[in-house]
Amino acid sequence: MNAFVTDKTLAPAGELEPAEREELLRVDNVSLSFGGVKAITDISFDILKGEIRAIIGPNGAGKTSMLNVINGFYHPQEGTITWRGKVRRKMKPYEAASQGIARTFQNVALFKGMTTLDNIMSGRSLKMHRNFFWQVLWRGPAENEEIEHRRKVEDIIDFLEIQAIRKTPVGRLPYGLQKRVELGRALAMEPELLLLDEPMAGMNLEEKEDMSRFIVDVNQEFGTTIALIEHDMGVVMDLSDRVVVLDYGKKIADGPPEEVQASQAVIDAYLGVSH
Amino acid sequence: MFYREAGQFKTSYKADQALMPILQDRVGLTVILLIAFVAIPAFANDFFLTSIMIPFLVFSLAAIGLNVLTGFCGQLSLGTGAFMGVGAYAAYKLTTIFPDANVIVMVLLSGIFSAAIGAVFGLPSLRIKGLYLAVTTLAAQFFLEWCFIRIPWLYNYNASGAIEVPHREAFGVVVSGAEATPIVRYFIVLCITVAIAYLMANVLRGRIGRSWMMIRDMDIAAELMGIRPLQTKLMAFAVSSYICGVAGAMMVFFWLNAAEPSSYSISLSFQILFMVILGGLGSLGGAFMGAAFIWILPVFLKFIPGTLGIDVAAETVEHVTFMIVGALIIFFLIVEPHGFARLWQIGKQKLRVWPFPY
Amino acid sequence: MLYDIFIDPFVQMYDMPDFFLQVLWEGFVAGILYALIALGFVLIFKASGVFNFAQGIMVVFAGLTLVGLNENGIPAYLALALTIVAMGVLAYGVERVVMRPLVNQPDIILLMATIGLTYFLIGFGEFVFGGEPKQMITEQLGLPTGSTAIEMGERGLIILQHIDIAAAVIAVIMVTALGIFFNKTRIGRALRAVADDHQAALSVGISLNQIWAIVWFAAGLVALATGIMWGARSDVSFALEIVAFKALPVLILGGFTSIPGAIVGGLIIGFGEKIGELYWGGLVGGGIESWLAYIIALIFLLFRPQGLFGERIIERI
Amino acid sequence: MMNFKQFALGTAVALGVGLSGAMTPAAQAQDSNYVPLLTYRTGPFAASGIHIANGMHDYLKMLNERDGGIGGVKLELEECETGYNAQKGVECYEATKGKGALVYNPYSTGITLQLIPKAGVDKIPVLSMGYGLSAAADGTTFPWVFNVPDTYWDGASVVIKYIGEQEGGLENLKGKKIGYIFLDAGYGREPIPLLEQLAEKYGFELLQYPVGVKEMQNQSSQWLNVRRDRPDYMVMWGWGAMNPTAIKEAVKIRYPMEKFIGVWWSAGDDDAAAGGEGAKGYKAMNFSGVGRDFPALDDIEKYVVGAGLSSTDAETIGGTLYNRGVLNSVIIAEGIRTAQELTGKKVITGEDMRMGLEALNLDEARLKELGLEGFAHPMKVTCEDHAGSNPVFIQEWNGKKWQQASGWIEPMTDLVRPLLEQAAAEYAEKNAPWPKRTEPCPN
């Protein structure tokens, strides 16, 4: 089971207290707008190494935009992002990926024409290096590299219990399984920071339980830092170490789940008190 | 019943990743290769070789080239004809500059030039997508065609404005020019096509092939997973153009013997695109099936009435051929938008359970 | 060299203003015709999302039907009416046989289907009316054929073909009529609803099939008008097909869904390629008209991927 | 990973379809002479091609109907549609050559170029009557290619000579501007070397206006350029849809039509008619009869068109391009007849046909015998000269039909011939090793 654990995880991070943890990513005063529409206004928060950080808020609060900013898909007009202690310059999404940020998507964004196996293998793209000429020949280095990564992918397939759909084109899978494959694809990248955009949207209770278990396992066994967006408050309260709450592009609360739950601003936002 | 994969257990990832994990497919391929390499040369006449097999193989290769770009990487191109032309003109220039070099090597090298030009015209693909990109590839088509006409250096200042394939020998046999026998030309075309098809199958099942399909299926997700869109797309453009270039060079060197700029016009681009779509986007085998259909059907329609002794005016045959091809394209798109390759898979599915469908 | 590129052309324009105006006029007329073809594309794309490659061929097909019927002894106006009927039948047939079974297929499949339709129409048109180019029955239709020369200073002359003027007038009438049709009629409103959102339109009880047949018919009428005008300028044959490709860069400039875009785009391409060819083409051996339009469109797209009138695209995931 | 095995089916399909296709060109009739006609009645060049095709077909068909063929042996005719497309042309060639084809008339410079190297290998002559590769007139280098009665270079020299006559002598061409508008393909470019040489010699300025194959029907830019440059004469090398469009555009810019001269391929009746009233005065070169006052044409009407064996109607007989097609078939028929006489065989082969064409001697007496007196200038092929550089006349459009407007004008053979030989040598060098002539000379 530990076959694809990176050796970056020295201590089981989950057992450390927040204060002792090293900061992985910090967002400072970030604002983002499209044309005249402000999607995010002056938001700051941090993500500590090894924690599960939830981002919640009503629809249209700017949660997904926030994730897009973190993995370099949107570029904020103002503010800075600090990644592992260094202020990040404006970067392309693929650069963020190569620094160890992986994600899943609100609406499943699998590669529909490919099988489950190929989808997860695609997560290994950054780790494979044989160039075109080796690939053309196949026999030898390219084949060996493929087999080596196939092993790791098979570990993930075992971990997520999706052996039976290994060779099925993902377009034919039910929604819940697609979400699971998507998680597998992100895991195959061996990320330091895993961004999950509504991993449990549209799932039934049983599926949610499975998914929650996978998330906790990933966090605890491999020490992967996770930032997740979720609407199911129960799940959020159970899973997360800390929660940041957004509303209309602004941060209205930040802290441990219990604290946030009690905050008046959050209750207002969810109940729709007029601004 | 006969096509069963059950019971064929793979004991290693290596075996599971083989090109043809299933025994029946391997047998089938062997039979086809035997027919192609032994039976056809032994029994076919000149007409069959020069007017059916050689063009079929050349077009199959071109369709594989376009399939890499459109079928696997999702970038629609209408400039295939021009990229084939670049290969043809490059091969012509190479073999007239180095008359003693092996012309087969020159044909293979010529693809590099079309790869470079393909990559240049692939640059806009970073910002332009879908049908808009298709229209911009028309810029490549018309611009390159204009170059073939207006840059006399490309055709060695021939008064005719056409490239005429010179007599060349390789390995002691005449391989190009009018004296080259159909059988020799057939073998060269067959070997190059089969070799490139095999090598492409390798690329497509590995990391690079996957990265193309990632761009095709969801370019944004691919980028967020570390795929560099520009590099990946340009590589697809280059590889695709390389293959098309080699196909274009073979077209003039081993099939037509001479080519005017109009040989590489927009209608060639469409012809290849039809082959790819009807054969099945994203399928190497489909490229062969599409090429067979689009090339052989009109030849068939053209010469059948004469053989049957029916006296039909030549132009009527031509008009009817156009109608039939057009109608069949629509028909097949309606019946199976994923092409012959999908029909073949469905067929295999049926074979798997035959004769007990339930 | 630099002088030839940057100064000489403008000196020429200044020296021969009558010629420059003539070039502008030719560009204008060419632009109008490109715009008309593009208009047919836009109509269909707006309503069904189909990139109708066959629009160029429909232009020839309409013209050919008109002339072919007339050749077989049918009086011009009756032939015109019959051609309109034929375009209606074509629209209905296309909707029934091609569009309906292919609904919800990816863009490229629909595009290919229209290319298949192109082949079919070429074969069918030539099968029925013969493959040789034909003369447009300009006079029989009551269209003007003469020309007017406007003198400008000494030796200066601008020649205006009456048919070109008629083309411009008809184009304006068509665009206005389409504008009224879209904005003032029930079907027009339904069309716009479909263009905005298929699902929503369906849910308020608009029949997509009916709408599609109507748009194809409208595009067929535009094609007929274009075919007459273009046929009068040269002749009617499927060789025109290649000129019809020019509508594609026009669409890129104007956007696939914008009627004003098609017109402005058409004029930009028309002016651009004529001026480019006549003042700069000579520097590289001429004939740059064959690709200039595409390069203009390509460069334009690099800076404004959404086209002239399109809105800025925000990518979402 | 499924992809490669689909390759399997692809080839299988190809084979199945293909093998049955391979059976196609099987039967070879032994009691007739087989003449394939590579024609085009579709595509952008159909306007011209249809008339040529009808003329070619109808004359040979008439021989079958009236005389029972040539020398008592029927002709087996087969049209193959090329659409002026080189690929399809080669396909037609491959499909028909196995049936014992005697000669090929590709009617496209592009297809001709593809067939020239094959002709010697497959032993089937190519007859490109008044088109194709000018250098092929050199029979020593190109024993298998015939381009009677004239090459394009002969034609170009005649045009300049005629213009010189109009100006009162070639020396008066100095300082004049002559515009050359041409189809931008091998065909239209062929005369340029000679025209350039003439321009240098006589001191006129040659202005070139290429018309791309795709732009044939949209020539407004070219003619705007003509308007700006104001050339004294315009010479046209056009074909298909290019001709009527050019004439219309010339009328449009009010170019003086009497100073506009086309090659013999820009001499179609429809071409000129497209210009309407304004086209009056347009001129073109010609070497085949004008009108239909020839007994042989009456026979065509009687035996072929009247009998419903042709795809045309009686009205088109006598058109310039129709007559051109007839002349082409006369040369084929005479070639076959000569070959039969030379070999004593009734059913001949491509090799015999080559000899027949090389010994072709179409003199006035023979033309009269054929019912075609005055239909063409007498022509004779020699082993060295496969074109003959025969005289050409100028015809003028009077608004309704063509009328002969000059006597026979001799080409400037002294200029053309060295150029031809030089070009032939260059061709042989570029296509080394070009086979030396081994065929015996029948004369």
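Quick notes on this one:
The chains carry the letters A, B, C and D, assigned in the order they are written, with residues numbered from 1 in each.
As a convention for this text, contacts are C-beta pairs under 8 Å (C-beta built on N, C-alpha and C of every residue); 3 or more make two chains touch, one makes a residue touch a chain.
None of the values given here were measured: they were computed from a predicted structure.
Common neighbours of chain B and chain D (chains touching each): C. Compared with chain A, the chain whose C-alpha mean position is the greatest distance off is D. Chain A and chain B have Cα centroids separated by 41 Å.
Note on chain placement: the centre of chain A and the centre of chain D lie 73 Å apart, centres being C-alpha means.
Distance from the chain C centre to the chain D centre is 36 Å, each centre being the mean of its Cα atoms. Remark: chain A and chain C have CA centroids separated by 49 Å (rounded to whole angstrom).
Across the assembly, chain A contributes residues 73, 105, 109 that each touch 2 or more other chains.
The multi-chain contact residues of chain C, meaning those touching 2 or more other chains, are 126, 131, 242, 285, 287, 290, 315, 317.
Across the assembly, chain D contributes residues 41-42, 46, 184, 212, 214 that each touch 2 or more other chains. For chain B in complex with chain A, the touching residues are 12-14, 17, 199, 202-203, 205-211, 213-214, 216-218, 220-229, 235, 239, 282. On the side of chain C, the complex with chain D involves touching residues 16, 19, 22-23, 26, 30, 126, 130-133, 135, 145, 147, 149, 159, 161, 233-235, 237-240, 242-243, 274, 277-278, 281-282, 285-287, 289-290. Considering their complex, residues 71, 73, 92-94, 96-98, 102-103, 105, 109-114, 118, 121-126, 128, 130, 132, 135-138, 142-143, 145-147, 150-151, 154, 185, 189 of chain A touch chain B.
By the touch criterion given at the top, residues 51, 97-98, 101-102, 105-109, 111-113, 115-124, 126-127, 131, 242, 245, 248-249, 251-252, 256, 284-285, 287-288, 290-291, 294-295, 297-298, 301-302, 305, 315, 317 of chain C touch chain B in their complex.
Here chain B touches chain D in the complex through residues 17-22, 25, 28-29, 32, 35-36, 40, 44-48, 50-53, 55-56, 60, 96, 142, 146, 149, 156, 158-162, 164, 166-167, 177-179, 197-198, 201, 204-205, 255-263, 265, 279-280, 283-293, 296-297, 299-300, 302-304, 306-307, 313-315, 317-319, 340-341, 344-345, going by the rule given at the top.
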